[in-house]
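Okay, structure first, notes after.
Just so it is clear, A, B, C and D label the chains in written order, and each chain counts residues from 1 on its own.
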């Protein structure tokens, strides 16, 4: 009966790890935004964020990636790519979006005064503002032509709060 | 009116690229299988595969990744990872699954004789068989402890055929 | 799979655009085309029905910002209806409800044009 | 989000397992537990209703292979019903229809136990 016994041993269940890194490297083109959002949302869901926070993380990531796709590279550049790194641990999700394009100086980008912005009917210039509003921490590390990074953090503490509220 | 004109210039539409590489690096744990399948299926859809072929690519990728998660690493190993690379061009999709584990000799793995297999009520041992059945090309490149790869190709020619059939 | 859809129905001098799927930097040009077509036809009274829209990013919001001035200068407006709470939250975060007429349903939007 | 669901209903000496979601190497242990429970209760007449299952990999197929001998040795069987064409194709690819009684719906599966 050892043969039968063997068969009945449980399939190995490898426990979910709530710590770990998820890396994505994809072509820097807007038709990949949907793919990225789907991926980031699933990881955020795994970690245990509530639907609201998953939506925020998804949108912040979209804005960061859209900026790479629109601003980082010259139009003529070929094989341009974009990296998304998601680090998860028990307390937080860290999202790092990296490009290898021309970079910019984030300190010279003023945060829009929303009232003035709306009064002037401006187009664009809301991406970084949204990222800062949606995430708990946002910082840039710019090395033009080498590696330009935006790092965004969302704390999972909110989970408990939102679980209580809902 | 230049200001208004400026606003009305079309948002830049970056055309889909049907050539490109998509890379994924994730922890080697079965709770990530769903994430991987979703990602691979979306890329396959973008390239233009029919639902049937998308399902085949998804399953073949799952089987290759499941093998890494089950066999590549010792249970005690920490921070074990798995790479999925998807290369797409007009004619084909190439899927490369890489681990850095102990490796194996694919030549010593016999393809199951299905009749015999079913008669003997065996459990397991169907993964590589499925991969070979579902994909057009499957080959291994094993460097134990360094880098073990399985490369699988699906030609997009089938698309036309299946579009005609359906 | 359709990523983004926009369908138009004219109700007398008012045009309704039904948008669905996701509105991001990739699909925003499709909405721009639809609005540009209305403007080319001198139809400035526009309702955008968000019922089937599941996602919007700032690139989508930008489309509305880009046309609102021209449209209002021509006695028209863009009114918005049927937003899911998720979509509304993005508009709200940016203070857009002070700038746009965002109402519960299409009937209310039609009334507001009277 | 529930990745995989298994619900059991007993109909006299026959037990029906309704499975849904995806059955892969991660969720296969859940199905194993459900079948093991039936065996522990000496219930060997099993119908698996695949109606809500959207995906299966070889790890899922392996669960059935692992129990079929023991179950048949106890005058029981695993009959399968309500498979989508996509799921059936995977079973078919591996010749499983020669080994398992795969029928269109649950009623037929119940009849086949008579």
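Observations, loosely collected:
Going forward, a contact is a pair of C-beta atoms (placed from the backbone, for glycine too) under 8 Å apart; a residue touches a chain by one contact, two chains touch by 3 or more.
Predicted model only: the values in this text are computed from it and were never measured.
Fewest steps needed to get from chain B to chain D, stepping only to touching chains, is 1. Set against the Cα centre of chain B, the chain with the most distant centre is C. For the pair chain A and chain C, the distance between mean C-alpha positions equals 27 Å.
Chain A and chain D have Cα centroids separated by 39 Å.
Annotation: 49 Å between the Cα-based centres of chain C and chain D. Counting only residues that touch two or more partner chains, chain A has 7, 12-14, 30-31, 34, 69-70, 121, 123. Each of the following residues of chain D touches two or more other chains: 25-26, 59, 62, 65-66, 69.
Contact residues of chain B toward chain A in the complex are 7, 12-17, 20-27, 29-31, 34-35, 38-39, 42-43, 46, 69-70, 79, 81, 121, 123.
Of all residues in chain D, only 3, 22, 24-26, 55, 57-59, 61-62, 65-66, 68-69, 86, 89-90, 93-96, 98-99 touch chain B in the complex they form.
Those residues of chain A whose C-beta lies close enough to touch chain C in the complex are 30-31, 33-34, 37, 55, 58-59, 62-63, 66, 69-70, 114-115, 118, 121-124, 126-127, 129-130, 133-134.
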